[in-house]
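Note that subunit A is present in both complexes that follow, paired respectively with subunit B and with subunit C.
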Partner chain A sequence: MVQLQEVTLDELKHLVSDRAIQGETMLLNMGPQHPSTHGVLRLMLELEGETIINCVPDIGFLHTGVEKNMEAKRYEQAEVMTDRLDYLNTVGNNLAYCLAIEKLVGLDVPPRAQVIRVILAELQRIGSHLIWLGTQSLDLAAMSMFLYCFRERELILDILELVSGQRMMTTYIRPGGVWRDIPEEFYDAVQQFMAMFPTRIKQYHGLLTKNPLFIDRTKGIGVISAEDAVAWGLTGPSLRGSGVALDNRKTQPYTGYEEYDFEIPTRTAGDVYARYECRMDEFWQSLRIIEQGLKKLRELDGAPVRSSNRKFVPPPRSELGASMEALIHHFKLWTEGFDAPAEYVYMPVSSPRGELGVYLEGNGSNKPHRVHWRTPSFVHLQALPVLSKGLLVADLVAIIGSIDIVLGDSDR
Partner chain B sequence: MNNKLLKAIQTIEKRFGVEEHIFRDEYSLIVSPGDVVEICRLLRDGFGFDMLSSLTAVDYWPEGDPRFHVIYQLYSIENNINLRLRAPVSDDNPAIPTIEGIYPNANWHEREIWDMFGIKAEGHSDLRRILTPYDWEGHPLRKDYPLGYEEVQFTFNADEIDAKKPYVKE
Partner chain C sequence: MGIEQKLANLGIVTTTLEKAVNWSRTRAMWPLLSGLACCAIEMMAAEASHYDMSRFGMELMRASPRQSDLLIVAGRVTRKMAPVIRRLYDQLPDPKWAIAMGDCASCGGVFNNYAIVQGVDEVIPVDVYIAGCPPRPEGLIHGILTLYEKVENERLTKWR
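After this line comes the complex of A and B, so read on.
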């Protein structure tokens, strides 16, 4: 039988103040089964009355050993696991992983596939922000927002289902392109969403932006200065809320983002409300990108969506009956996969939460030697003690929502 | 190549005598673990590398000598440049000095490489396991750590497999 040890206060002594050991302050366990911790996050709080003296996050409840598992799978097999990391940004995870592979082996992606990637990544960004908006407002007691946001997200999931056959775990983006071309109905579905969504954003603003209850709970809460935010490695809207306009789509453009016209919304207050405003503005920017993407997509109608480099990308099904070579490539790729050089690359992309980086190292074989996921949730969570010190427990709930964590992302 | 990056690399090469590795325009410097703290401080204060993007490790067991490489991915927001440091660490009581004092977010990353690879961060303020349970044995991302699997139970062999499982039975 496995012997279970108990964590005693002795082991955590260096994390709490002396007063906690003497019993003057209270130690309170929050989570891992707490609805407002957005998953299985456990926080050990040291409280004086209702004021947080210290907060010690405890993660790892959702650790699934994805990095270890990926080392045992071939490059293309390992991709299905990337969806399951950050389950609100599945397309973005596929994209990061495929871009890393493409960088490692030096594979080109046809322009039409790049445009499809951008459109889907931005739709997913809107979807992820909708979940954030819904849960953040639910934590702050705005129940109806939660229902509205999930209603709109359903339409995005329908679009993902249309192109990939799956609502969430799409694995639609593949090394060298995408799985297959989009169906004709895609244009209408996206255009309908684009026509409807702006009015919905205005409704969200109407419900929250000037709502005194919402402002009371968010303004001046969880303030972090730009210097601190950079030092703690915050990225994405959490950093942009402190006034640093950092976004990998602009600074290190990938998959053709340099051709799109969009802005990086920033705020300078650095509090929960500033981060809220940043994300709300990102809805508009994502819509702008999708609109430009649709136009480009129409121009590229009929163009290939997968690279023609048969050493890495399987040939289309139609070629198999007519070409011996295609059949050989098909067989080789689905039985052995492809080899990658013994080199290493780091591929950062901008996920809805922040910088999602894939460190990929090959060893000359068809399996990766090491895959490391630099996930924004992991980095953001460790700044939680800094953000929450001296505030009330109720504020902590608002802060957890505002840094937009996904525990599958942080625990990997 | 960016002038600022070139200058930073030249300065470090002159002062610490490091090896350089370039692949797909990504620059890596192979540095000695003892110099990591000083190099990081120099890069942050002198060359604007204000963000630690990522910190991880790789295991080269069994052929690799030294066995591990600890990887520091640094980013400069102002100049928009990336630089990677790699510190080879030997198998014998593997340890690196902590860079928590320079980049505070190294704290959890160093806990993670302790948890996953058993590489100690010397001088770390809170070196506990982070992703695995506190009573876990071994370091899962080492190459000599088996992946493990669970046998699938069907009606005909459920009891047989149950008997092998570690949990207590009445």
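After this line comes the complex of A and C, so read on.
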């Protein structure tokens, strides 16, 4: 058996109230092994009866040391680490990191690559929201939703596999564009998904939106006002549920989002149900973006998908036999990589959870000096005590689901 | 030649105790509902409608270690999580098995650094390793079938 450390209550003095130390209220441990903490999150709950007086999140059970690890790798090598941060938004992480590199070294991205990036990022957004929907409903005892959501997600994973060869960890977006052009079957696969998905969204609405059991567990639960939500740093659908239409795709457009016609859905109630409605509406907006993207992609057929700047992007295989210069570039890039100046950039993108930002600092060499991730889950978790105060333990489960945390994202 | 032929009409099968018990162990092996990282998402995908692991007697994932037989370590094991994994494993009632799903759980994967335990076998005994980052759901199912093979060939003297 493992020896467990004895913790005296005095050590918790700064975390819980005096009443807990005196034994008037109960301290309850939730997690890290718990079915509805969405990963390895530990919460220490201070309860009076079943009412939550305080909730102290204990994170770090998935601390992977990604940021430090990335400093030991060349810029392009470090990209594989980014997939594994927020593993429901792998394409989005690649995108944020590549955009940061491009900003740091001043690399251009051809238009076709930008369109592919947008389509994949939006597909991934749908996929991520599907997991959120499935697990949140599962926590609220709607088992069938979980099965339906995973059924649809498989189609998205099939598309990702089609373009990159991997279901989840794609590393498909690369500095200066994407790894290679999409296969011809991509259009059909996406079109099929687009044709099928709207009816499925309606099915989800039919199962949940007016379901009295679902409404009872979500309406008026975990309310946060717009001012508080901004003050606590919430972003993404968690913020939009409180009525603030903030989205990096609109405020600081990247990879050509300014050319797409879409809206930012908001609600004003600020409760779990409002956040649910926001995410459900985002399904429609993502579909809209993908549709426009597909049209653009057709127009750009045959255009290059990666920058031709040979200082940063290796030449295609076909050039290697014919050009000495290409051979040298290829060799240099795969043995040494490229150097980045001793400057720093911050690149925020809109992940399905909120603002995902990369702080990237170069030092003139081929490895980053410092990489830091501003991750939405980490920021959202700090708002958990505020959201859950005075509610029941069963409500806490709904709230954890509604701020849509991914522990890989928060602990890194 | 002997008794089986005579009894066949009665619908009776004779076998050894060893085989019967091993067979029953593999037909309702309940895994612990515990996910650590990315691999857990693929484990959920394997459980869900498309891959449907219940075809192999695994429709139930139990959230309590006391009710499960199998620990699927799905994801990277950090130094902070390792004691918890060990505790969970200790809490599983015998007979119990463990699968290391994914490169991280098997050997640390891409994370060779201060935070990750380089393979969960430093903490608990592992029966089957599944390669991949993350392994496809088919990979997980293959791993589970491999485990079944192993269990079916377990000897009475080695029973836990």
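Quick note on the criterion: the second predicted complex is superposed on the first by the 404 of 412 C-alpha atoms of A that agree within 3 Å, B and C clash if a C-alpha of one lies under 4 Å from a C-alpha of the other, contacts with A are read in each partner's own complex, and residues count from 1 in each chain.
By definition in this document, a contact is a pair of C-beta atoms (placed from the backbone, for glycine too) under 8 Å apart; a residue touches a chain by one contact, two chains touch by 3 or more.
Bear in mind the structure is a predicted one, so any value in this text is a computation, not a measurement.
Contacts of A:P32 after superposition: subunit C is touched, whereas subunit B is not reached. Look at A:M169: by the touch rule set out above, it reaches subunit C but stays clear of subunit B. In the superposition on chain A, contact of A:E67 is made with subunit B only, not with subunit C. Looking at the shared chain after the overlay, A:F150 reaches subunit C, while subunit B stays out of its contact range.
Of the two partner chains, subunit C is the only one that A:L88 touches; subunit B does not reach it.
Once the two complexes are laid over each other on the shared chain, residue contacts for A:V40 go to subunit C alone; subunit B is not touched. Across the superposed pair, subunit B and subunit C both touch subunit A at residues 1-2, 4, 60, 63, 65, 68-69, 411.
The touching residues of subunit A, counted against subunit B in their complex, run 1-5, 7, 11, 14-15, 59-60, 63, 65, 67-69, 72, 103-104, 106, 230-233, 244, 246, 251-252, 343-346, 348, 355, 357, 359, 361, 369-370, 372, 374, 378-379, 381-383, 411-412.
If you check the complex, the residues on subunit A that touch subunit C are 1-2, 4, 32-35, 39-40, 60-66, 68-69, 80-81, 84, 87-88, 131, 134, 146-148, 150-151, 153-154, 157, 167-169, 407-408, 411.
Residues 23-24, 26, 28, 50-54, 56, 58-59, 71, 73, 77, 80, 82, 84, 103-105, 107-108, 116, 125-126, 128-135, 140-141, 145, 147, 166-168 of subunit B touch subunit A in their complex.
Contact residues on subunit C toward subunit A in their complex (touch as defined above): 33-38, 40-42, 44-45, 48-50, 63, 65, 75-76, 78, 80-81, 83-84, 86-88, 90, 110-116, 133-134, 136.
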